[in-house]
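Quick one: the structure is below, questions incoming.
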């Protein structure tokens, strides 16, 4: 191994957070090109499957991590339990923050349909999101942290798939529309309920109309 | 069982939760008459009898009951609808609603993706040991001023700012109950029309909040009404002459 | 490299202290003989001069350490003060430590209304604050460092600006600690968690023992 690669290896071992290339180059007092060559050398040495560690590019920097093969033994050696997985509410809140950041809690609540305070609190505590100032209306704005990128295996937010990917398909939209149309009818009078007229008429029958429609939807169990 | 099939035996309604929801939406049962706490109690009884907690059912139940609570609290307030949905005709409102549901679905999916991403990272651990102190020691002489101390003073000022501090020094922890505030409100309403500010003059924030709860209760019982011309404007309270049972029990 | 050596490598990477052979063998679920063979393999791989790390056998067991060749670069990387702009949460946390020191994390949480663990962790890591013993209740106390003074251009703590300049309610009575704690409580809507009888008076009374009030937060479940 080249002396420079050895030095970079030591630097990565010492740093608990991913180190940007510029910082590595400055510490090793070399040009970026030389540094990249050393990193390429290390990537070979620490290729997945080769050793107990792997070299990874995360959160805008480089870092060493253990390989999954050692996970069971690591769990036995280190008494402290791993952080628990995210609850669905936390994952939804995190997804909204990741894609819409900076975003306020009321905005998250509006999208989720239920308050996200406890989920957001836990994510803040775990350091996956943090505060990013306040909106013009005084609400605290939230954003994801470098720790989020690191723990989710991302180099930057640009690595997140385009959120258009999550758009419901036209078929799903049609299906949802139909479900909405049937809301409040199918169950009326039990299983043998006759099919009711169209949803629009149904909606018009509600008083006060619009708000009840909104609530009706909340009340319609959604497939998960 | 799914939460919707929970059997209820309430004062105003007997049957499955599911049907109650439908009737409430059709306004065939007045939500104001439904004691939601009793629905929760029924569910807890059901849980106890089962001896186990099905998380999916529990989640569904919580979503449903939360929606009912929100709807009920909205009904109890003088009608201030979601302005956006209010301005729309029912067809458009349904479209807006559909858009919101699609949005929620989009982020539920993104959440599933992130959860999977995290699970894939499960086998990787990072070293968290701090570097040896001798390598970390910063040469003090080499560091220069980069921050403005005014930032710290401003941060302190910000934390002193909101909300107006409550003076707890002589009173200790405020203890105020809805029952007390009900008595208080009934007493002042007997004197005629009164403003909410008068009803809570000199009270601390907790008492104001509890008084508002008491007012909601009076409204629900049909004992009082109130008007507020503009958001955050003064609230005027008036006793209602009619007997409590204005709304018929379904 | 043998799979066992790779696992042992990962275990040593994760441990900040030397690990006894018995612990390594137990974690990897192998006999001592097999473990020794794996360690011999690693000693070769991490021989002095070969890479950026060396495998060392110390009294307590085995450990990985950086090789001396990397020391100068490591100092350049680690000993440089990191001074990106403070986030709002960091500025608030640092201000509390600066003006009230020594102060415990629970007290900071109580004043801010949200947990400050991540902000405090960053400030510790950057050397702006450090630990200053424990409160009578066992909570770690925090104070600012000489580096803090230097980076803020202060000669001593006495040079901290008079916060009265930013005080929205200068007419308020009480010392700063007491007022901050009161404002923090008010932001949480009063003593939020159920408290033990008797204990409550202590919290509500704000007797001069401000520190014990702060530590009380450790004992009182806080809403997250």
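For clarity, chains are labelled A, B and C in written order, and residue numbers in each chain start from 1.
Following the convention adopted for this analysis, a residue touches a chain if its C-beta (ideal position, glycine included) is under 8 Å from a C-beta of that chain, and two chains touch if they have at least 3 such contacts.
Owing to the predicted nature of the structure, the values given are computational and were not obtained by experimental measurement.
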| item | value |
| --- | --- |
| Pair of chains whose C-beta contact count is the highest in the structure | A-B |
| Central chain (distance from its CA mean to the mean of all protein CA atoms) | A |
| Inter-centroid spacing, chain C versus chain B (mean Cα positions, whole Å) | 35 |
| Geometric centre distance via CA averages, chain B-chain A, whole Å | 26 |
| Shared interface positions of chain C, touching two or more other chains | 10, 13-15, 74, 78, 88 |
| Junction residues of chain B, two or more chains touched | 125, 127-131, 135 |
| Contact set on chain B toward chain A in their complex | 2, 4, 18-19, 21-23, 25-27, 56, 59-60, 63-64, 66-68, 70-71, 74, 79, 81-82, 85-86, 88, 90-91, 93-94, 97-98, 100-115, 117-131, 135 |
| Residues of chain A touching chain B in the complex | 13-16, 54, 56, 63-71, 74, 82, 85-86, 88, 91-92, 94-96, 98-99, 110-114, 150-154, 161, 163, 166-168, 172-173, 176-177, 180, 183-184, 187-188, 190, 199-200, 203-204, 206-219, 221-222, 224 |
| Chain B partner contacts - residues on chain C that touch it in the complex | 10, 13-16, 71, 74-75, 78-81, 83, 86, 88, 91-92, 94-96, 98-99, 111-112, 127, 146-147, 150-154, 159-163, 165-169, 172, 176, 179-180, 182-187, 189-191, 200-201, 203-206 |
| Residue numbers on chain B that touch chain C, as the complex places them | 125, 127-131, 135-140, 143-166, 168-169, 172-174, 205-206 |
| Partner chain A, residues of chain C touching it in the complex | 1, 3, 5-11, 13-15, 19, 23-24, 26-29, 50-53, 64, 66-67, 69-70, 73-74, 76-78, 87-89, 114-115, 117-119, 121, 223-224 |
